[in-house]
Structure formats: structure tokens, C-alpha cells
Amino acid sequence: MARPRPLPSGRSVPDTARFAGVGRWLLRAASLGVCLLAWQAAAQLRLDLGIVTFRNVPPPVEVAQAGIELLQSSKLFDHVTSSLSRVFAGYGLAALAGVMLGLAVGRSRLAGDVLMPPLEILRPIPAVAWIPLAVLMFPSSELSMIFITFTGALFPILLSTIHGVENVDPRLVASARSLGAGWGAILREVVLPAAAPSIVTGLAIGMGTSWFCLVTAEMISGQYGIGYYTWESYTLQNYPDIVVGMVLIGLMGMGSSALLRRAGARLTPWHSTDEARR
Amino acid sequence: MSGHERRAHGHAEQGRIDAEGVFIRLGQGAEAFEAVQDVSFTVPAGEFVCVLGPSGCGKSTLLGALAGHIAPAHGALTLDGAAISGPHPDRGIVFQHHTLFPWKNVRDNIAFGPKMRGIPKAERHRQADEILELIGLGGFAGRYPKQLSGGMQQRVEIARVLVNHPRLLLMDEPFGALDALTRMMMQELLLDIWTRLRTTIVFITHDIDEALFLADRVLVMSPRPGRIVEDITVPFERPRRAEIVAEPPFGRLKRHCLDLLRPRPGTDTLPRLSPLGAPPHAR
Amino acid sequence: MAPAPLLEAVDVSFTYGASTVLDRVSFTLGSSEVVSLLGPSGCGKTTLLNLIAGFRQPSSGRLLFDGAPITAPGPERAVVFQSGALFDWLTARQNIEFSLSCRGVAKAERRDVSEHVLELVGLKGAGGLYPYEMSGGMRQRVGVGRVIAARPRIMLMDEPFAAVDVQTREALQEELLRIHAATRCTIVFVTHSIEEAVFLSNRVFVLAKRGGTFDAAFDVALPAPRWDGLNRLDPEFLRLRERIYLTMKAGSPAATTGARAHALT
Amino acid sequence: MPSPRSHLALVLASPLMLLLAWDGATRFSLVEQILLPAPATIGAALWDVLTRGYAGVSVFVHIGTSLWRVLTAFLLAAFVGVSLGLLRGLYPRIDAVCLVPFELIRPIPPLAFIPLFILWFGIGEVSKVLIIFYYAMLVVMLNTQAGVASCPEDKIRAARSLGASPWQVFWRVVFPASLPHVVVGLRVALAAALSILVASELLGGDRGLGFVISDASTFFKTADVFVGIVLIGLIGLIADRALTFTARRIVHWEGKT
């Protein structure tokens, strides 16, 4: 058994030196390569291990070909844009509502008492459980999917915002009041920036859950969209396309999270410099 | 003489505090207790007063009431004859650990008060830069609070309050978290600023040396519920040098304060606060 | 020939990246001494303590404990931390018994030791409390007790009383001298408080702000025992405190920053 | 600030008002019963489902099936996730090997894996359990690893200076110090597991609460859809509270100073 790393914090010099740079990246690339090779081999040999079978799994090469085909057709554009516009609408609404409600609940006990009990009752219900009902309730399936995306993102954003607002250092608020800040100025100049890191965290989590909900909704009731594309490929037994769909979903989820992180870091520069300095 | 000092001199006759039979209650329901009991005192405009007492004696609570964050249960607390009813930039407060906004740089932190009064950006930045020079941090306007040492953070904190030309400067153990050397230099700096601005200062501390070195007058408070047990006039000449701490009259006055602050056997209030952290002679 | 010193530092340097934290520091420590390392933050005093503890190795020079180089941390040079660094999931007693249980000492014997140590540090009857149920002063007592129970030859203390209020701090200082009288173990005490250094120590080493060299060393010749609390007003005590303050102020570049305000008038 | 009594009144009044508004809206046909049934209708449907079952199967079979899927997956995920997280936190080599594959699959919503898992493991129980397991494990592992990294250096140093061996440092210090993070990971993983369970049941199968919701909606039995939703919400609530309660017992020092 190797010796455990004595100091798990990033400060231990020898460890970072040992694993830094090219060697570490090589190891990482190698690990990825091995995974791909194993996949290719398993798919080509049509491995059947009883509990898991690779008989129907396409090898990476076929997947790549299917991906290129999709890239060249116009279908891709339609699927991607409809998924993106749904997330944009639903998630955007959730971000707006979550932050506003969170600020209200975090700052005002009255708002908390009135708004929180119904929300607390709804919270343990997974957003995806609403999908069949949403399909019934909304006249267009487009709206129902936006609603599901909204519900999926709302709670993480709301809860993180409340958490952030409630944890604003009361001394900061007190000194702002002493310096002559009124109600609105405290909200704008103190509470919002102080809660911003927590809000950004909530927005990031919400982005993940809203993609999760959207893909499920598209699989069940969509006509376009990347979730629909994947599920359709499955029902048509278009195996390479399934994997292409998965990769696309992953890329879009990853891309939107990365965008959000970038924007969050831009919005809260004091927070990230703080992390970097420690 | 800079513009800032001229304006400050206009305030010279303002900043008189009157406290008359002040009681302050803290906590709710069954846990409520009296933190400050029947406190009366007067501070003439421009005086430097230290409030000295053991931790948990209610001295910070009293300061909170002067700032307007806590309302007394009984009694009258007035500044220049007007009752204190809420926080106001006229009564600036400095805490032990800085309360600078981490998302604003030094200049914007200091300009916060002027911004709240609606002063245009160029003018409030000019005021901030002027006061930064006064506290000896001229080159640090663009830094964020995290990038400053503890002593510098406290200096910015003081500057952020001074830029509002307060009639009263309230300080709650402002140098308590600094190392000895920085602390002594900050004390000298504060006296230097006060000599020129002559704002009334109420300074809370539990450090006898600090109180005697800084103040015109020291109000000594008893352990909870806080009462003023003695009002000491500090006779040392100004300007004071750090060296007076080693001189015999200073030692005698310090001994007197120590005797006042030493918990008396039979009082159960202090042990209740920290049951086993009490000094050994109390047991 | 005189007996070998307990701890010997010869030209010890420590560099971190491009900066020199300690620059050729030399000193020796004998048995039962109490020595303070005094200096402003960032002067390298904690680094020196970490070298003695064995958390880090000197970049050059020799650091010998009992005649042998220090290569790793060990209970013979146990550390009391400023934060207390107590194990939140263990009671006061379990914290104190930690080093014994790591060595596999039997339960009954551990119990005897912790009972004794709890009494020594003034926590009799509080052994069942968790750290979050204690005041700051009590936590530091557990931190000291945990080290005492390991029976160290040197107790290393890294600003242990910096985070508690003045009254508690003075009480803890007096208790520490009592504990020292009872255990006679050597103490290396890092602090930025001049008064604390003078009150506790036989010798005070002052470290310069930058460059990490010793500015000066002071012998403290105050009568023992000092824990009656009156010695803090002793003229000799105050004079020494003053001398050290002036030495530090003269050697510190920060002093010029403080003077800048005067230059403005 | 309101007094404690009026505070309580407000807390109780707001859901009550909501219920009344809902009832009123359905009673006066502001919304169609088929979209939003009256509370009483849902209550009756709940009683009906509880006593007579759904789709010819006792409702407890549906609940039991859902619970079995989610609990098996969650417990497995907790065990594997904590173990892997600890190993990754302690051994940089293991972390380096795991990093790229896990970072690549992490942002993919677990649902995207459903078709693939069905291809791999067939349409039965195995793929449902495994998809929940895979994602919950990921969450637990990442949180555990963060917990290991969050152990204050002072505590590790204190243990070493008190004579603890590397194994003792891990078992007596690093592991307990990481427990609060592990608990957070378990809570998040539990919520995610429930979501994935419902989603996968919506997409296929003939047992489970997700199936109840999906099946009821295809036949426009809206009250039964609500029954399914309420039951899922209850399971989520009880599971979360039980986990929090247990965690408070184990990690009793967390959040106190």
C-alpha cells in the first residue's frame, strides 16, 4: 500500500511537483485512450458478460461516422436550437423568479412565512414527476417543456439564493445602515453582492437539473430537441445515433455550465481572487 | 489645511453625548437579560472617551445603542440634544473585525457614504482619495480589502467613517485583532488623526494600557449587567509618547483599573459566561 | 564538557520559492527552558516552529534534537496550535487521550492519564464535553492537555492564546507557568505580544520583520514564580517590555509607514 | 415584526388559503376538472388507489417496486461513492487515473444514458437500478473527495505531531473530518436518485409510481396523476428527513462552533 498523501490541501509542494505538468496530462490522456479502446474492443467482439452485453453497442468509429453525418444534415440545427430555446426560456424564467423570490424570503420574515409553506410542500416532488401532468395542462407541448425546465431549475436557485441572503454578514448590513444606506441601497449594494457567490452556485446546480428535466420531457413528449433525437434513435434502433445524441447532450450541458461558471467568475471577481489567494 | 479639515472644524462644537438612566435589554422571552443597567454619563464635544470592562460586560451593547442599532429599554440617549433613534452617518461605527465590502475596492468602499448621499462619482472619489492620504494609504485606492493587511483594513474602515464628517466616532475594540506592534502604531495614528479632526470618540476596549494611553476619560464598567463603576480622568499630557506606558504614574493608574476589573469572589455573573475560562484567582 | 543541548540550531535557513523565510538562524535550547519567539506577522516565527516540529525540513543548516537531525513530526515535540486544532468529533477526554490511543495504550491507563491531565489544565469534570460545547479558553486548555498527555520533551506553542480575550489570556498564561512548573518540559512559545513573551519566558528571541534573522535576544531575569499576577506591574517587567518594543519598532520597516501620517501635517 | 402567535397564524394560513383557492377554482369551474381536479376528488382518488390498487396491482407493489429500485441503487452508490471518493482524495495517482473519464461523463444528464443502459443491460430492473446508481455514486464520490480535501491542515499536523501513523491520521482524523461533506453528498444524491427513478419509470415498465403517473395521464385520469405525485413527494420527504436525522446523530459536531 502506498503512503497516503500527508497533506490533502493543495499546499503540499512535493505532491504537486511530482504530478504537475506533462506527465500528469499524459496519464490523463492515456486513461481516456484506454477507455475508448476498451469500448472499441468490447463492441467489435460483441462481448456478452451475462449482466451486460455489448452485442448492440456501436463501436466508437461508427459513432464518429454517425456524428459526421448528422453534422452535415440540417436536422442537427433544428434539434439543437429547439432544445436550447426551451432551456433558455425555462431556465431564464426560473433564474429570475428564483432570485427574486429568494431575495424576498431571505430578507423578509413575512414573505418567508407566506411563500415558503406551499413551496416546502412542492419541493420534495421531483420536477420530472410533473411531466405527464404538464403535457395535459398546457395547450402546447412547447409550453409544457418550458414549464418543466422552469420547475427543474427553480428550487436549486431559490434555495441557494435564500441561503446566500440569510448568511449575509449582519455587520455588513449594520455598517451600511450606519453609513446612510436606505432599504433599497442595502439590497442593491450589500445583500445582492454578498449573496452573489451563493446565487451563482444555485444557478449552476439549476442549469444541470433543468437540462435533466428537459431531456426527460423531450424523450416523453417532444417533437424536436436533442432528447427526442436520442430517444427516437433508440426506438428506431439506430445505435450509433443514440451515442451521438448522448454526446451532444453532454456537450450542451457542459457548455452551458462552463458559460455560467465563466459569467459567475466575471460577476464575482472578489470571490474568485479570494479562492485563488488561499 | 485641507478642505476636509476645514469642514471638520465646522463641527467642532458638535458631538456632545448625554446618557440618562439608560437600561438595555437583550435576548427574547425566557432568555432575556439586562445587558446595561442604569448608565448615565455626559461626553463633551471633541472628547476622547474609553469604555473599559471585561468581556461580556455590555460595553459593546452600549456602543450599539449609541450607533442606533439597539434601542434602550429605558432612559434617554441623545447626541447634541437630539434623541438617537436609528443608525446615521453622523455617528460612524468601527468594528473589531473590518466590515469593508469585499466586492468593492478601497476607494469605492470609502466613497460608499458619499454615494448614499447622492454625491457624483468624480467628487466622491476625490473625497476618498483625500482621506486615503490622511490615513497614510495613498497608493492603495485600487486594492480590494482581501489584499490588505489587518492594520490597513482597519485604517480603511476608519477612513470610510471619517469621510462622512461624523460628529461622533464609535469604535468597538478596533485594534483588538492586530499584533502588538501594529496595534501600537495604530493607536498613535488614531491620536494623530483625532488631534486634527477633534471628533468626539467613544472607544471600547478591554485593554487597560490602550484605554489609558488614548483617552481623556475612562469609564470603567462592571461585569454583566453592565454599570459604570468609575469615571477616571486621565491626567497624562498630550501629545503622548508610547514611552509613558513604562512610567510609574501610568503603572499606578493601571493597578487601580486592574483592581476595579478583577472579578470579586461571590459574584456569579462572570463564571456563568465562561464557566472554566475564568482567571484562577476567582476560584 | 557540558551536556549536549536539547535542541540545537546551526545556521538554519528556509526558503520558499524565491523568498527567504529564515536566514541562517542559530540558537540552542536547554532542558526546562521557556523561550519565546517574538515578531510581527510574516517574520518566519511560525516557520521556525514548524521546522522544530518536523513538518518541514530546513533548506540548509543543521537542526538537531537530542543530537540527532529532525526528520519527521513526533510526540516528543508536540504542537499546540492557535486554532486549537481539536478533533471536533472527540470529547475533551478523547482528545487528550489521542496520542495514547494511537500508541495502543490500554483503556484503564489512558483513563488515569487523562484524569490527571484534565485536573492539571483546570478542566476537571469537563472531560465529557465536545469542543463545540466549550469556550475558547477551555478549548485551548484541551489543546495544551492533549500535548501534555503525549509527554513531550519540548512543547511547541503557536500563538495559542491569540484568539481569546485579555482576561482569559492572562489566566491561561498563569496556568501555563503552573503547568510548566509541574512538568518541567521545555516550551517554545510563538507570539506577537511583547507582554506575553516577557511574562512567560526565560529568554525572548526577537525576529526581524523581513529576512527572518534574529534581531535580538533578551534574557528575562524576573523572579519566579510569576503567576501571582502582580509582576505585570513590576518596573523591571515594564522596562523590559519597553526595551523590546523600541527594538522591534526600530527594526521594522512598517514603522515608517506609520510615520507617514505625521509627515502630512 | 409579528408576534409569535400571528406568525404561527400566517404560517398555517398560507397553505390553507391556497387550498381554498384551489377548491374554489374547481368548484366554480374556473379550471377544468380534467386539468386540475378538486382537492376532495384527489383525496377520494387517493383512498381508492390505496384500497383497490392501480392497474390491477396493489399500490403497495408500485411503492415497493419504486422503493426497491431507489434504495438498492442509493445504498450501493453510497458505499462505492464514499470508497472511491476517499481513495481519490488520499492517493493522487488514483485521482489522476479517474479524473478524465469522470469529468467527461459528469456533465451528461443521467437520462441521456438511459437508451445506452437499456442496450447494455436490457430493459428490466438492472438498467433502472444501474442508471440511478451511476449518477448517485458520482455525486457521493465528488463530495467525499471534496470532504477529504477540506480537512484542515492543522488537524492533520496535530495528529502527526501527537504520534499518529499515516493510517491513524486517515482513519481518526481525515475520515471523520470529511463526514459532513459526505452527508451533503448523500442528501443531494438521494434527491437526484428519486428524480432519475421517476424519469426512468416514466419512460418504460409496468410497475412503480412513475408508471402510475404516466399511465394515468395517458387515460386522462388526472386525479390519479396527482395521487402518484403526492406519493412520490411523500417518499422524498420521508427519505430526506430520515437521512438528515441519522446524519445529525453521526455528525453531531457539524455547524456548531
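Chains: A, B, C and D, in written order; residue numbering restarts at 1 for each.
Everything below uses one rule, namely that a residue touches a chain if its C-beta (ideal position, glycine included) is under 8 Å from a C-beta of that chain, and two chains touch if they have at least 3 such contacts.
Treat the numbers as computed from the prediction; the structure is a model and nothing was measured.
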| item | value |
| --- | --- |
| Pair joined by the larger number of C-beta contacts - A-B, A-D | A-D |
| Centre distance in Å when subunit A and subunit C are each reduced to the mean of their C-alpha atoms | 49 |
| Distance between the centres, which are taken as Cα means, of subunit D and subunit A, whole angstrom | 17 |
| Geometric centre distance via CA averages, subunit C-subunit B, whole Å | 32 |
| Per-residue overlap in subunit D, given as positions that touch at least 2 other chains | 160 |
| Arrangement of touching chains [line / ring / star / complete / other] | ring |
| Interchain pairs in contact, sorted by label | A-B, A-D, B-C, C-D |
| Residues of subunit B defined as touching subunit A within the complex | 67-69, 86-89, 91-93, 95, 97, 99, 101-103, 112-113, 116-117, 144, 146-147, 160-161, 164 |
| Residue ranges of subunit C in contact with subunit D within the complex | 53-55, 72-75, 77-79, 81, 83, 85, 87-89, 98-99, 102-103, 130-132, 146-147, 150, 156 |
| Touching residues on subunit D, where the partner in the complex is subunit C | 152, 154-155, 157-165, 168, 172-173, 176-177, 179, 251-253, 256-257 |
| Residue ranges of subunit A touching subunit B (in the complex, touch as defined) | 169, 171-172, 174-182, 185, 189-190, 193-194, 196, 268-271, 273-274, 277 |
| Residues of subunit B that touch subunit C when the two form their complex | 54-55, 133-136, 149-150, 179-182, 184-186, 188-189, 192-193, 196, 206-207, 242-243, 245-246, 248, 251, 254-255, 258, 261, 274-281 |
